[in-house]
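Look at the two complexes coming up: subunit A is in both, with subunit B in one and subunit C in the other.
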Partner chain A sequence: MVLHMQRKVLVAVAIMVVAVVAVGIALFLGVGGVEERVMGQPKVIKVGVILPLTGRLAETGEDLKRGIEFAVYQINSMGGVKNCGGAKIVVVWGDSQARPERGAAEAERLIVEEHVVALVGAYQSAVTKTASEVAERYRVPFLNPDSTSPTLTERGYKWFFRITPHDGMFVKQQVEFVNWLNKRCGGCIKRIAIIHEDSEWGTNVARLWEKEFSAAGYEIVDVISYHAPTVTSFDAEVERLKRSKPDLLLVASYVHDALLLMKTIKAKKLYVKAILAQDAGFVSPAYVSQVGDAGWFVFSREVFNWDLVQKMPRLKEVEEEYRRMYGVSLNGNSARDYTGMWVLYYALEEACKIVKPWEDLQKFREALRDALANLYIPGDKLIMPWKGVKFDEKGQNILGQGIIVQMMEDGKYYTVYPPEYATREPVFPMPSWEERSR
Partner chain B sequence: MSFPTQRELVTALAVLIFAIAADGVAYVFDKPFLANSIYLALMYALAGLAWNILAGFTGLVSFGHAVFFGLGAYATMIAMLHKIPAVLGILLAGGVGFLAAVLLAPIWLRLKSHWFTLATIATAEILKLSFIVWPAVGGASGLQAPIAEPGEELYYLYFRGAYLYVFIAAVLVAIEVVVLWSILRGPIGYKLQAIREDEDAAMALAIDPLKYKFFALAISGFFTGLAGSLYTIRYRFIDPFTVFDLISVSTYIALVGIVGGIYTFLGPIIGSFIVVPAAEYVRSTLMSIASRYAALHGVVLGAVLLIVSLMAPEGVVERVRAKMVVWSKVVKVVREWVVERS
Partner chain C sequence: MDLTVLASAIVDGLLMGLVYGLVALGLALIWGVMNIINFAHGDYMVLGAYIAVLFSLLGVDAVYALPFAFAVVYLAGVATYKLVIRRILDAPFVSQIAATFALLLLIRYGVELVAGPRTWIVESVLSGSVVRVGPLSIVCSKLFAGIVSIAVFVVVYLFLTRTYTGLAVRAIAQNRSAAMLQGIDVDRVNSIVFGLGVGVAGLAGALVALVQPVFPELGGFYCLVAFVSVVLGGFTSVVGSFLGAIIIGLSESLSAVYISPTLKNAIAFTVFILVLLFRPTGLFGRFGRRV
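Entry: the complex of A and B
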């Protein structure tokens, strides 16, 4: 390579190299040397929340945000964090745009620039992975109320805590549920088909379904995947399902694809004895308000349902107040993030006994981590149908469980399983399309 | 025809010095968000420069550079998971990008203009879908590098914040700038541009188009692979949706080149330092002043891009250069006037 460089250029290059080396050395020597300054004013505890507030999951993000806001509103109006002198919780929002690298950048910004005591989020498992990695690096507690990828708690992180059950736990419960249904009809479910969106979540769920349901002796007759951001038609997929004739259809979808899929199933009169969805899109308000009769009798795995108020008195007041404020009911997403904020609150009370965040932020974060690790919250303090909250050494809440709901003819989901929380008997097998049109 | 000028080289290196200085400021004042924006700008500049040797100088417009970016990202990740030092992982990413370009050349280089563009998009999508269903590379779940043990930070290039990563990225971009600048100024630069302007005429002058296109593609693949490794060493989690993405990788790489000026050497660097920080700051500002309207950031950015396309279709660099010509004429007139008076 011939360099036609003149002296001026060479000098510029030399200056550049010197500058680069100098700054590099300065940076390297300075790693970890600068103490993080505590800028938060007294009486305020800052919590960073990372959610997909814009981008293709903005609708879900809005829902999750309401859950957080409502919990913070309740905690603050009850007098804030009492062991910290009634300090109010202030949420600093980070928008992941549904992209992993944005989630990581937001986590960094919230930790270093906003001096938050902990991070909460981030819904999509891929974003939670990068954001919690940053939290681990900075030694900041990361509380995850809403990501269900089993791998998240297999990483050996010390600062990561997940309150929701993960997909592995859900799928085991779904197999139990299908066994339970099967007993009611004398073993009429044999053939199972799966349709799923192809991001990490849908793909993992499908793999777990395949594994657990075949282990339980069912025949998997078809597995179909599609790309949610670009899907515009399910005609081919539904035709394929008509040919493979499953008794049970398992679905993992986000909002718009769930709507499109159910409308196509109705239009093409695909009949299966039962459809079991893996929450997400199927429990979003947009889906519930738009799906109409195409969504009747569909089962969904859920973590929460509005009719639990009949079984859980504590939930009743919360739900009524939430409805008054936002005009919509709590759902599985908003209720989990609501619960996440409360779990964090209980841990904050414990940590405040040891040190205050405005005295020594990093000590407080450590105290908060320890408080989370040792936390036990009994089920009756929660609005979730769980036995409570207690984390194992991997950071997974071992007392959580899901429920199964079914959309009835009034367009609402009712809890049908486990029996202790059920408000309705399941409609099973589904009525045929001819019966329904009558 | 346009050839990289010395002024462009000096400006490019000055931008890098500026980036490092800004990174130092960000470090001192605890502004990881600023450092991250600089890092992303450098990452896209690295890929954009590599893209532009094909698009701007050879006339092969690719919207599938995610192929090299993604493969580079995976190469570095797999190296790190096999406990290979991250620095070697970065080199490996360049090698894999180079190799991918060499292997794709027989297919891609058979095609011209929009057919070439379509082939690049298709290849990137094929790779994405293949990686989704390939368990050995983590499938749809992707791969995450473990947290480095204390004492292994340099081995795995594992640092807090983007500060030190900016340094690494700036070094890679500097190397790329010097290498591409000297190639494009030399005889190869003439031949590439001859091919871009009129392939038949170039052949008549005994230039073998295939040979030089192949060269441009291979070097483009190499540096784009390096850009992919920058994603991995910093974010430490990759999945096919992110690193093979048509929008945030392939299109963005082309975008920084187009905004900056496709027929200029400097274009992608300037474009990258305009588009990337602007996108980051519009979004975070909207988020903090009016989180309800945060989704508008896409609208604002889109409007800015439309304005650039209308006002400066030749790219920001050409525009500024034109302005500078006018400016230097003004200076000249004023100087002559002053000389006359004195």
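Entry: the complex of A and C
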């Protein structure tokens, strides 16, 4: 028995010795490898990117990450940041887990421990808000390619720059679009009804719609809100819309409620001249693949659409290479984050003329901030349907815009507005349900 | 014109209420017989809904999914009883809550793991077509769901009142020890009751899938409605909870038309609070003792 115990101890000690030696060798080799790499190559510029890489938005996070990675790959293979001696851009990832407090913690870690020159992210407006608060405090530029809550650029921040248009700009453009439609039918749109989900997003959008459309002289005949997580039937809502007889119906919905609403509208044969949706549920893959003919001829605001490649030669090139690499197409999310990284690149080139990040990191961050503030990128250098990138004093890109798409009878969305990007003429007014069943 | 709106609101409320009733019925049954509040009830319903989704994906009309939804969820319920519920029958109340809540999490996120967080629409011959009764247009699938709900309710009612097992169920509900002394195999009857309770909810889930899109968190609201219905109906009464659910459905749809769609849930629950203020034993408290 005792002998047996001793043997066990011996074996354990032997295993431990082997393990320690193995780890030692691995560390030695590893460290040596790193040193060699750093010495043999030009310096790098570290950029922190915060995205929801895990958690309930992990699927979206994956898309956004691809956009960033692809842009960095292109920039680096074109010779890196030339004014910094061809320094390669290295992304240090921060995972927000789709939670505002994680976003802020990751921002702090990237700034303090990883010494990044700037932060990019963070998709959800709520996370962008907390993460950019940290950046503002540490005086680090925060570049936001993908959050649309209007309030983000109303905080008077000096280090915050947003590339994407926000919801307020989208709504203004929707008013222009409806005016444009109205001209085509001799002013047939007068009465507007709004139906929206009642979280912060839907409520905000509905408020903006009410304000901007009544300012443009339209009559808001009904505003209906509903609670998306608990909605089981839209029969009463649709009956009510039948009574208020709007010419145009504005909708802000998530996925399952959008599906239920459109199916109910079809079943109840509610007819309006046009339905204009605010992105979100209406452009999600689950909606597009399942709504069927109930979704035909519905307009939606978008930031990006597959058919833009026909109108934008620059996008066509990028899209082809992207498809080759990842096997999927660019979408509104990956395309915006891709654009974000390129915008940062142009600013990095400018900042590198003044100071190098490894000479004085904080000075470089200041130079980068100034470069962003003075930046102008013309539209033809971008893959987004924008007039370009130029930030106002609030840090908002004033040259961005959305597009309006319409689902046609093949179940696909086509760009119909603005005219310079349109691949189809809008079908307006919508054919009646009787005409459609023929 | 206004009469049409009223009639259509009543029809819609009634039909939704019948489906709510099917979910509530099982909750009341389990509560009444085992004195266990099944927090996972709505998620057993979702299991049934996903069986309809599966049928639809395989190209089979989802209407055929109904018996399978019942059978699969019934078996899942019996298994749950044997593995979990039997062990907590005499446990403290808090342990019972924790156990059924754990079941809720397991089912909800298990479904999400397998089917993903996406939303599914179930296609059927019934969806999209409409029955016209005078000026009213009623969506076929909803009408079907309502009719099936009534039929299932009648079957369950007959089972409880006209069969030997039903008699045993009621005996256990009244007094477990006495039932045991009479030679009733309480354990076996309990497993049938739990299977039946969640199985009917699973069937309701397949009906829900015919009338609205399906996603993993769908069960939460239905479970809430079921709780309210059960309380309205006098806590452990199967008939009362079914009627309670119809009241919820009606007050939802009527308030949506005459007050505001925004407030439809709030008003349904206000009715609930008012009823409890004036009849703390629920609307059908006394009637419920019997079934």
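FYI, the second predicted complex is superposed on the first by the 280 of 438 C-alpha atoms of A that agree within 3 Å, B and C clash if a C-alpha of one lies under 4 Å from a C-alpha of the other, contacts with A are read in each partner's own complex, and residues count from 1 in each chain.
One rule holds for everything that comes next: contacts are C-beta pairs under 8 Å (C-beta built on N, C-alpha and C of every residue); 3 or more make two chains touch, one makes a residue touch a chain.
Only a predicted model underlies this, so the values are computations on that prediction, with no experimental measurement involved.
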- Who does A:D198 touch here: subunit B (first), subunit C (second), both, or neither? both
- First (subunit B), second (subunit C), both or neither touched by A:K266: second
- Check whether A:Y414 is in contact with subunit B, with subunit C, with both or with neither, and answer first, second, both or neither. neither
- Query: Which holds for A:F161: it touches subunit B only (first), subunit C only (second), both, or neither?
  - Reply: neither
- Query: Now for A:I224: first (subunit B), second (subunit C), both, or neither, which partner does it touch?
  - Reply: second
- Message: I'd like to know which partner A:S233 touches here: subunit B for first, subunit C for second, both or neither.
- Response: second
- Message: Under the stated touch criterion, which partner chain does A:F304 make contact with: subunit B (first), subunit C (second), both, or neither?
- Response: neither
- Query: Between subunit B (first) and subunit C (second), which, if any, makes contact with A:W386: first, second, both or neither?
  - Reply: neither
- Message: For the three-chain arrangement built by superposition, which of subunit B and subunit C touches the greater number of subunit A residues?
- Response: B
- Set of subunit A residues, in rising order, touched by both subunit B and subunit C: 198
- What part of subunit B is in contact with subunit A in the complex they form? 6, 9-10, 13-14, 16-17, 20-21, 23-24, 27-28, 30-33, 36, 40, 132, 139-142, 144, 146-147, 153, 158-164, 167, 170-171, 174, 178-179, 182-183, 185-186, 231, 234-237, 239, 241-242, 248, 280, 283-284, 287, 291, 294-295, 297-298
- Message: Quick check: in the complex, which residue numbers of subunit C touch subunit A?
- Response: 1, 5, 8-9, 12, 16, 117-121, 127-128, 130, 137, 139, 142, 208, 211-215, 217, 220-222, 224, 252-253, 256-257, 261-262, 264-265
- Item | subunit A - residues contacting subunit C, complex | 56, 59, 198, 224-227, 229-230, 232-233, 235-237, 239-240, 243, 255-256, 259-260, 263-264, 266-269, 285-287, 290-291, 294
- Complex contact set, residues of subunit A against subunit B: 1-6, 8-9, 12-13, 15-16, 19-20, 23-24, 26-28, 30-32, 34, 36-37, 53-55, 58, 93-95, 97, 99-101, 104-105, 108-109, 111-113, 126, 129-130, 133, 136-138, 149, 151, 155-157, 198-200, 202-204
